[in-house]
Amino acid sequence: MHDSLKDFKSVLEISLAWGEMDAAQHINNAVYLRYGETGRIAYLQKLGLDFDLKGKGVVLAEVNCKYKFPLTFPDKIWIGTRALLDTLDEFGFWTEQVIVSHRYQKISTVIRSKLVYYDFVNLKKTPLTQNNHDKVIRFEKT
Amino acid sequence: MHDSLKDFKSVLEISLAWGEMDAAQHINNAVYLRYGETGRIAYLQKLGLDFDLKGKGVVLAEVNCKYKFPLTFPDKIWIGTRALLDTLDEFGFWTEQVIVSHRYQKISTVIRSKLVYYDFVNLKKTPLTQNNHDKVIRFEKT
Amino acid sequence: MHDSLKDFKSVLEISLAWGEMDAAQHINNAVYLRYGETGRIAYLQKLGLDFDLKGKGVVLAEVNCKYKFPLTFPDKIWIGTRALLDTLDEFGFWTEQVIVSHRYQKISTVIRSKLVYYDFVNLKKTPLTQNNHDKVIRFEKT
Amino acid sequence: MHDSLKDFKSVLEISLAWGEMDAAQHINNAVYLRYGETGRIAYLQKLGLDFDLKGKGVVLAEVNCKYKFPLTFPDKIWIGTRALLDTLDEFGFWTEQVIVSHRYQKISTVIRSKLVYYDFVNLKKTPLTQNNHDKVIRFEKT
């Protein structure tokens, strides 16, 4: 695996689809957010964060995506996801993700996402809970 | 509006998006199914068919799509949707849809879809109900 | 692998993405066409069919999709693709595809697609060529 | 139109599609980037920026998306797009976009995008040209 992934405990492999390219013959910019979402869900499941669409779970409050070089089909990517512990607060945390091309063996995209714990019943943000807070720290530190 | 739409009581206009084109620089084949879905939902709402994701509603059991000429951005389409009354049975009916390009003033795609009434709680097909049956006939015949 | 795939020489594995589900909490109907496209491209590459977006290649003229049971995340699918040799004619052939869920070990969807050889420069269908014709038969028969 | 759009000379209306919602029953986060892309293309066409996929044109180098409240079907949005003139430099500029819900009459999302002029033949960034530079300023100032 690529060096840039060595600090990520959650790394997912995704095969690119031809139909994800747009008329510029690159993977369409919006599709990288799909990859990021897929990577974050794998991360949160691995971490064991409590998530229930009829109760509480994280939502995406902000995302920042830096496109370094464009992906093309055929290729596979590794997507590494980690929490940035210095951003962890009462309501959530930021994750950082790198998307690495197998073919080019370099970082295509860096995504930072602000995750906020949310109460799907009362439709407002809610504290992350001590349990989830601990899980994030334990996952990243061990 | 185009002549081929004159027998459709439900006609929706959709603007194509650049990002819906693929690397062949045409609207991607899967996207036509999205247009079809959007058109059928508009049709079913206009008709007033009872639909509740926590109760009963129609699901798509089969779809057939004939691609006559490829759409490209920029363009707008009209999508006409109608029930084929001779297919109406206890559990559902087929719809027929035509997608007409504004720019080329001709039919790009013809979609036929088999809709089946479904019980989302017990996860199985269920009779359409007399009320829905009557609504479909009334909508198409008046 | 599942029994229903035993007659398919091209079988691709795809991981479903959470974001491919729609508000009915199933993989969205249009997404199955994306899976089908991805499977057909893998098939055509394996077969070695001549394809050049600036020359000649196959296009999709018609697709039929039968939805047997809905896929949900998380799951993986196998998608088997084969040419139906009795449909092979001067301009193309139909493929048949089955989508099999790992989790449920049964067929979710059957897709039939009419592929037509197309001249991307002169924008019209064109004979498949003897070479491509032979490749399809050789691939399926050996 | 909504007050927050009064400083945008390019405002596009988009109808949301049911199928753009995900299993959380909101418009999927990645889809907002599609809306943003569609809005920027409308903006660049109105502006008259030189764009040729076989020559030079803008590409997206970075995007930041702040989700304020989630959109749901059925709804329409206005998407306003403008260049941030204080970011205009030799190679490009940032745009700012607001997505406003018709139904809720408030801002759902704010997107900032870094556009860089790019040479599609030599695959590297290239100066924006004086002509394009002037067009951006003229469009925003008059």
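By written order: A, B, C and D. Residues from 1 in each chain.
The criterion applied here is as follows: a residue touches a chain if its C-beta (ideal position, glycine included) is under 8 Å from a C-beta of that chain, and two chains touch if they have at least 3 such contacts.
Everything numeric in this text was worked out from a predicted model, so none of it was measured.
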Contact counts by the stated rule: is the higher one at A-D or A-B? A-D
Looking only at residue numbers at the chain B/chain C interface, is the share used by both copies over half or under half? Answer same or different. same
What chain lies farthest away from chain C once each centre is taken as the mean of the Cα atoms? D
With chain centres defined as C-alpha means, what is the inter-centre distance between chain A and chain B in Å? 35
Chain A and chain D have mean C-alpha positions lying a whole-number Å distance apart equal to 23
Got the chain A residues that touch at least 2 other chains? 18-19, 23, 28, 30, 34, 37
In the complex, the residues of chain B that touch chain A are 18-19, 21-23, 25, 28, 30, 73
Within the complex, chain A is touched by chain C residues 14-15, 17-19, 34, 37-38, 41
Could you list, by residue number, the parts of chain B that touch chain C in their complex? 23-24, 28-31, 33-34, 37, 53, 59-67, 70, 120
